[in-house]
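Letters are used for the chains, namely A, B and C, taken in the order the chains are written, and counting of residues starts over at 1 for each.
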Amino acid sequence: MTTAPDPAPTEPKATPTRPGRRRRRTRVPTAALLVAPSVLFLAALFLWPIVVGVGQAVTGTDGPTLAHLRRMLDDPYFWQATRNTALLIVVLIPLQFAFALTMALLLRERPRLSSFYFYVWCVPLAISDLAAGLVWLSIFADRGYLNSVLAHLGLGDGYAWLSYDNDATMFLAVLLAELWRATSLVLVIVVAGLQNIPRDYDEAAAVFGATYWQRLRHVILPQLRPSLQVALILRTILGLQTFAVAQALTGRSFPLLVGETYQWYVTLQNERVSAAIALVILLMSLGTAVVYLRVLRDPAATGSGR
Amino acid sequence: MAEIVLRNLVKTYPGTRTPATDDISLEVRDGEFLVLVGPSGCGKTTLLRMIAGLEAPDSGSVQIGGRDVTDLPARLRGLSMVFQSYAIWPHMRVRQNIAFGLAMRKTPKAEIDRRVGEAAELLHLSEYLDRYPAQLSGGQRQRVAVARAIVTDADVLLMDEPLSNLDALLRMEFRTELKRIVGKLGTTTVYVTHDQAEALSLGDRVAVLRDGRVAQVGPPLEVYDSPADEFVGGFLGAPPMNFLPARVDRADGRSRLRIGDQSTAAPVALGDYPGDEVTVGVRAENVEVFDADGPDRLAARVEVVEPTGAAILLTVELAGRQLKVQAPPTFRIGPGSPVWLAVDPDRLRCYHPADSTAITVSG
Amino acid sequence: MSRLRAARRRTILIHVACVAVTLFMGLPIYLIALAALSSRESLNRFPLSLLPTDVSTETMRVFLDSTGVIGGFQNSVEVGLISLALSLALGVPAGYAVARYAFRGREPYQLFLLLTRALPIVVLSVPLARVFLATGLYDTTYAVALLHTALALPTTVLITSAIFVAVPVEHEEAAMVFGASAPRAFARVVLPQALPGIAAAAIFTFVTSWNEVLGAAVLTLNRRTLPAQVLSTLADSPLAFRFAGGFALVVPALVFIAFMRRYLLNMWGTTIR
């Protein structure tokens, strides 16, 4: 029974289900002409710097050297930054997904003012992580709004939330700021995914007596899977790039990987170590991206290869 | 002068195996109205698009007005077209949609207004000229597409099911109207339809397509009366032609057709036919129905009675086969009753049972 | 009776939840606005007042008058506009080709786009700085705009191709049958229908550029964009300055999102295929 997989002649994938969508036959000249500038541009701004970056990281004034890499690895900040970045991603993303899913399901109930809610919940989409850090700084600063509220309530007069010896609260502040800023992205992806699920399915399940939780578990979530996967990988990659939030809130007290690139380049003026860290981030993202593409391109894994 | 000559057109869409049109050759005379019919997916739209220059054939050529236009882009072919999907532009008002072709030809403004007005009048669109397509019903949009096509008085008019979305009454009205307009303009027209009545009433000639090939071309009545094969007979006409297996009995110089255990006079054409198995085709309206036996009548049993208004359609059983026959509206009969059928032998069409092509009189 | 009551309770719960989420999302914006619009003196008091009792433009004025801020504003706008123009010029034709032509290499091209979109191009600004130093582009708005174009271009192509796919090919073909040339059919028939979506893509590019800080900080010294300017002076500026900076960066976001409300789902939601 272990003969070759189904030998039936498989029709070419592009079955003519959408007649007239694609115009004309392969017309390489026109299409190539239209596409080429973008390819050249991206290659120039992408491949060229990678080559230069590798060069920067592994060469010194006198030939190839591993000194910069060693210097990077010997820097305690590097390991702290790696740990913080990983911790942030691991803690933040599940929270973020639970939060975004809740928000999307709330909107799906079509409460009054739902379009207003959607607007407010989406505002952080256009807010940079630097701005988000500064916004939350006004809350967590020693003389900021959180301590003010506590003082108004008579609960102590000022806790140093962002001080470097309060690791936990520092992390909490960065976490909250990121939760606030970046959940909107997951939200729109999930809302868009929910819109593609016909309401009938859900309603049919309800007719057959499924409770809300059963419907969520057996009808909605399975169909949302492709959207959630996309959001997951995208958020992971973007999570790797977080830095200005922490910079704004804590300076270098809560180092993150991209922040280290910045520190080495701007403050320590060492472009070589900086390039080395950049390459590390690039490799980590590449790993994630490969998973991303595989998951998305594998129709068996997603059910629908959209 | 804008006759259309299609030579050996073959087109296979990329990613598909079977050709959408398979070696189609057709000629449409100047000013002629040719109707293309055929089942869904048989390649009618593809053929039209190749004439229009929207699809390049894999091989073969298209000539319009004596000029080879196979490699000419659509806009230089001097034709106009009604798309199956209408393709009217949602961001333009009805007026601008209709005027587009004229505007492209740099027609003077006053002239454009006059002709758009006329076309709109003709298609009952005058009150909608300043609306956007989104504010129209499906049938109204389709009429905009027709108006846009006829307003330019191009040499060649291609129409892909232009009346498919109208109600029966409007469709009948526009059918007549269209025939009049096109006749007046003298435009060479290729017209695709699913509707039998439209095919038979509109066309100077009808071409029946099947699986990307031309099954038969000819004047409507000829195609209707003498289908070239069982497919055409079964496709054209409502109800479709009846087909029955029969044996040819030759006795003392005259042939008879044996159907089951009964027999009837055979058409002359069968005289030279060497075999003895044939398939007999006959149209419902060519069968006379009697409630009593007589010479050369075949006994049958009524199964279903369907009055259609102008006649009564009977489904009868004859020699184990079902047959649709037509009786006058005054004919009174109930299911289960016996009836007797008579057929003029000249009205019978005979087909080779092997490949279902017509048996024709040979010299 | 009790079913009705349960339904009512459910509605109320949903509303309470919505209001709670809205407070979480909205309150920080209120607070940063409050902080930025308070006088320096009241920002130095503790505890801070939670109501706008002491509205003043002083903090914002001081911020705007600091060196580099107005210039940063100008640079940000300049970089945003150049990126927008460049990414439309490169991205719209490519999006059209992806939507309309079944050319060889279409799949690999889309994969390439997804890849470049997923990778953190910004971290490449360090080697890019070297490249730009060598080509004389370093410390110009063009340098930053080139980077930002590279950031936004894949998305622009994906968005515009989705928009062009939504315009039926027959619309274009009809125009050509009635005598329009291909460019004319595009201009008269496709572009008008695609314009709102293209505008949204343009705003998306602008937002991306407006928000990007690392690359802008690395690639420039004197011609810093606003975020880069704020970032580089972060360590040695007073709290009031930082709050004002935060507010100045947030305000455009409010406007962008208001403009793009209809397109949010298309922009960020479904373009990732």
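Here is the rule we go by: a contact is a pair of C-beta atoms (placed from the backbone, for glycine too) under 8 Å apart; a residue touches a chain by one contact, two chains touch by 3 or more.
Just so it is clear, the model here is predicted, and its values are computed rather than measured.
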| item | value |
| --- | --- |
| Top-ranked pair of chains - ranking by C-beta pairs in contact | A-C |
| Label of the chain whose CA centroid is most distant from the centroid of chain A | B |
| Distance from the mean Cα position of chain C to that of chain A, given in whole angstrom | 16 |
| Separation of mean Cα positions, chain C and chain B [Å, integer] | 57 |
| Between chain A and chain B, centroid-to-centroid distance (C-alpha), Å | 59 |
| Shared-contact residues (touching 2 or more other chains) in chain C | 102, 168, 170, 173 |
| Sites on chain B at which at least two other chains make contact | 14, 85 |
| For chain A, residues contacting two or more additional chains | 14, 20, 24-26 |
| Chain C-facing residues of chain A, complex | 14, 20-28, 30-32, 34-35, 37-39, 41-42, 45-46, 48-53, 55-56, 102-103, 106, 109, 111-115, 117-131, 133-139, 141, 143-145, 147-149, 151-152, 157-158, 180, 184-185, 188-189, 191-193, 195, 230, 233-234, 237, 240-241, 243-244, 247-248, 251, 258, 261-262, 265-266, 271, 274-275, 277-278, 281-282, 285-286, 288-289, 292-293, 296, 306 |
| Residue ranges of chain B in contact with chain C within the complex | 14, 52-54, 73-75, 79-81, 83, 85, 87-91, 100-101, 104-105, 148, 152 |
| Touching residues (chain side chain C, partner chain B) in the complex | 102, 168, 170-171, 173-182, 189, 192-193 |
| Chain A contact footprint on chain C (complex, rising order) | 11, 14-15, 17-18, 21-22, 24-26, 28-29, 31-32, 35, 44, 46-50, 89-91, 93-94, 96-98, 100-104, 106, 109, 111-116, 118-131, 146-147, 149-150, 153-154, 157, 165, 168-170, 172-173, 207, 210-214, 217-218, 227, 230-232, 234-235, 239, 242-243, 245-246, 249-250, 252-254, 256-258, 261, 264-265, 267-270, 272-273 |
